[in-house]
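Okay, so subunit A shows up in both of these, paired with subunit B first and subunit C after.
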Partner chain A sequence: MQSDGWMTQETVALSGLTRRLEELRGDGHVQLTLMTVTDWLEDGEFEVSYILTDPVLFRTVILGVRIPRETPELPTVSDIWPQAVTYEQEINEMFGIRFEGSPRQGVPFILEGWKDIPPMRRDFDTLKYSVEHYEDRPGRRSIDTRRFVGRVSDEKSFTDAWEPREDDGRERKLADMDGGAAGSDRGETTDE
Partner chain B sequence: MSNDYDVTKETHLWFGPQHPGVTGNMSVELWLKGDTIQRGITHVGYLHRGFEKLMERRTFIQSFPIVCRICVPEPDTNEYLLAKGLEQLGGIYDDVPEKARWIRTLTLEMARLAATLMVLGGQVGSMGLGPVPQWMMTLRDYVLDSFEELSGHRIYHMYIVYGGVRRDLPEGFEGRLEKTLQTIEERLPWIDRLMFENDVFRKRAIGIGYVPPEWVDEMSLSGPIVRAMGIPRDVRKDYPYEVYPELDFDVITEEGSDMFARARVRRREIAQSINLIRQMLADMPKDGPFCLKLPSLMHWRIPKGQTYVRAEASRGEFGYFVVTDGTDKVRRVNVRGPSYVHGVSLLERMLPGTNISDLSSLMVSLQTCPPEIER
Partner chain C sequence: MKDEKIRRVPERIEPAPPDVLKDRAYDPVPASPRREVDPYCYLGATEVQQPLAYREALATIRNWCRANSLWVMAYGTGCGAIELRPLMTSRFDMARFGMAPRPTPRQSNVLIIGGYLSLKTLKRVIRAYEQMPAPKWVVGLGSCTINGGMYWDSYYTINKLDLYLPVDVYISGCMPRPEALIAGFQELMKKIKQGEANGWNEYLENIDDYKINQKRVIGDWRMPDYNW
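Right, the complex of A and B next:
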């Protein structure tokens, strides 16, 4: 157990979870402020954290319980704290942890028609998913302002370091709009 | 024979996600008899951008432009809590300069003021009264002008970072902010007259949207909803942070626990925020550093640890659960917005028996904000 001012952190084994939660509740920690999960992929475990608050003595406990990633199951606390239904529904969807006896398990909360592994798990590859599911957008053409640095002060040594990009005529137009004078200075990058 | 006017026939109706009365991109699925709601379910997912997942792939400094987008009306609370969580875990929270603490508190209070102005306007706007929301949005815009001057941005400020704040107060800022506060103060009697003395608002708010006090601990409610029950709960007093202990203020409470009481709490909190900002401008240290010198912003590694930090937003208790694992990225951030409880569990529990015409003002009164529900 580790204490930091008004906040205490402790961990409990899965078998003692319900009893410890009820003890803490009897001790004045009557509010379930937050319920959350951390994925410790390298340890093969999930850590489910219950943050309980005592609104009279202003104490907070972070109660953590480690469960194996292969069999992620926990008893529900929604019979004690009704709003835990939403937390358990979301954790079930985002991490694939099942809460025994909780209503709305398996009912979509945020996702719609999700077929992949639960997306908040650390082994879910977000980049791979987006490459597979979304088309690559061509993107907008933009002007790298660094190419125009030194036009006024004639800092050639710095600006020459930037290679000209593929010419689409847009930058030339920009240079023309600049009064034409700029062409003589930085023209080599836009006119070629 | 049953027809649409038959009050024994149950009607299935979707309220939102595209509806002017819904607070943001969310929807409520309703079952009605006549115009009385029998039951309802909150649906979210129209706005999910996966902020918490995005942060796991970004360095600490890169996470700041993400967190502020969790709340449009009040982004500073998010920035502050992420900064505080990282500072606590990195062991530098106690070293944050004194001036930075004052500026942070000033920013948080300005954000509370702007958000409260907006929601109070929305409260009567949802009842079809036009001028008050217009004035409120104008007044909020003056506060946003101050934010723009302070940070360069109107909505998402990215001003509070770990170690302190990004910039010092600009020259003459105090005077211009004071002028804004005076403008807001001058308009408040108008708003009282048009809102709280208005029979339309009184009839539609008094006794409507009652929340029983026994639900507070059961569902972990917070903010103006609790204070409107006469229970003095405020994170600024209960878990003092930054320079709030040095400021002189009382927790505002009202009796009644209905929409009117909650609107009264918010109206009085506007005056309180103005008072607090004035106190801060007067007492703030004029010199000194505004940010801690950090070894490297881009390559900072924080040892393994976890913490929960909280602050009082305009809607209630905002909390961040931050876990670090010794790398330059967070292992897990979980955002606890007050709407997670108010907008789903509490709203669904309050729906049975509510008249459908009161639903939109009820949602404004609970200040449900979908980005907090689906971070």
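Right, the complex of A and C next:
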């Protein structure tokens, strides 16, 4: 448990989640401010965080619970806080976590007609999906702002860096993600 | 592989300036594909073909009237709608161009796409566009409508608006200032006066291609098709 006076962060096991939430609610943390998810892809876990606020004493508790990515299931808290239904619906859509007993699970919230894996998971490749589904307009160029680092004092090199290169932004980003073009760019800027 | 699935909407080809004296087939009032005669411009909708000079004068007057009475649908799809609000205020004052914001597509004839379009919004925009009465124009606002803008790699926003709706004028910028919007609207008015802004006719002529493109990205199509 970490605390800096008014904000406390603690982690709880899945079995003690509902009991701990009810404890905190009885302790004065009556407002569910936010529910959010972190995708710990390397650990194979989701971390669902419940942010609870005490509006009288201005205390905040961030209660995290870790669940495995293979079986992402949680009990609902919508019987304690009714507004959690919307959070649980959105988390269900964006991360694929199922909340048992919550209404509107599986009902589209933003993504109407979505057929791929939930898009906020870290193993979902948004660029690849965009390339496959939405056509790009040819001629798009991107200017990497890293090329300007350290060059603003020299007028000539500044104008050189401003010259757009003959490459597509999309391919550049793809190469960047592979670690190809990023290294050369950083090399250029550190030469000076 | 990607190109095979996309039905190409034909590129807009600039027509050669007509030689009025030699080319007798030149018609300044292009006929709508579904409705042969415009009863408001062919007085009485008679079978008699009016003289060419008469029809030219009529088309000029009609286009001038249309260009000076743009009623804008106030439908903000993205952050670009922020720059539309100053246009309505006294500083930029779009009423001096004869433009007025309207709350519903049935009362308006200019649809401004103010920024990025997610698929959920695109569905509503298509529905709104098809509900607008016939002389109607689409203005693409900001770089998001042109090539995706800063959302070019997003999983739920389209990149090229003119695959799905006929765009008459694009205004570039992220975001364009109200002055840029005024310049864009003046460009639209110029095109209307010259009779070149026929996006709604192209939408009807290529309706099958547009529908294929729209249904390709929109997963659950639960709307009626365009049928007027």
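Criterion: the second predicted complex is superposed on the first by the 138 of 192 C-alpha atoms of A that agree within 3 Å, B and C clash if a C-alpha of one lies under 4 Å from a C-alpha of the other, contacts with A are read in each partner's own complex, and residues count from 1 in each chain.
Here, a residue touches a chain if its C-beta (ideal position, glycine included) is under 8 Å from a C-beta of that chain, and two chains touch if they have at least 3 such contacts.
Please read these numbers as outputs of a predicted model, since none were measured by experiment.
In the superposition on chain A, A:P119 contacts both subunit B and subunit C. For subunit A, the partner with contacts to more residues, out of subunit B and subunit C, is B.
Shared-chain residue A:Q105: touches no atom of subunit B or subunit C.
Using the contact criterion defined above for the overlaid structures, shared-chain residue A:Q9 touches subunit B, although it does not reach subunit C. Look at A:T18: by the touch rule set out above, it reaches neither subunit B nor subunit C.
Shared-chain residue A:R140: touches subunit C; no touch with subunit B. Once the two complexes are laid over each other on the shared chain, residue contacts for A:T60 go to subunit B alone; subunit C is not touched.
Using the contact criterion defined above for the overlaid structures, shared-chain residue A:S130 touches subunit C, although it does not reach subunit B. In the superposition on chain A, the residues of subunit A contacted by subunit B and by subunit C overlap at 110-112, 119, 126. By the touch criterion given at the top, residues 44-45, 48, 50, 52-53, 56-57, 216-220, 233, 238-239, 306-308, 317, 319, 321, 323, 331-332, 334, 336, 340-341, 344-346, 349, 374 of subunit B touch subunit A in their complex. Within the complex formed with subunit C, the subunit A residues making contact are 110-116, 119, 124, 126-127, 129-137, 140, 169-170, 173. Considering their complex, residues 2, 6, 118-120, 123, 146-148, 152-160, 163, 217-220 of subunit C touch subunit A. Those residues of subunit A whose C-beta lies close enough to touch subunit B in the complex are 4, 6-7, 9, 30-34, 36-39, 49, 51, 53, 55, 58, 60, 62, 81-83, 85-86, 108-112, 119-120, 122, 126.
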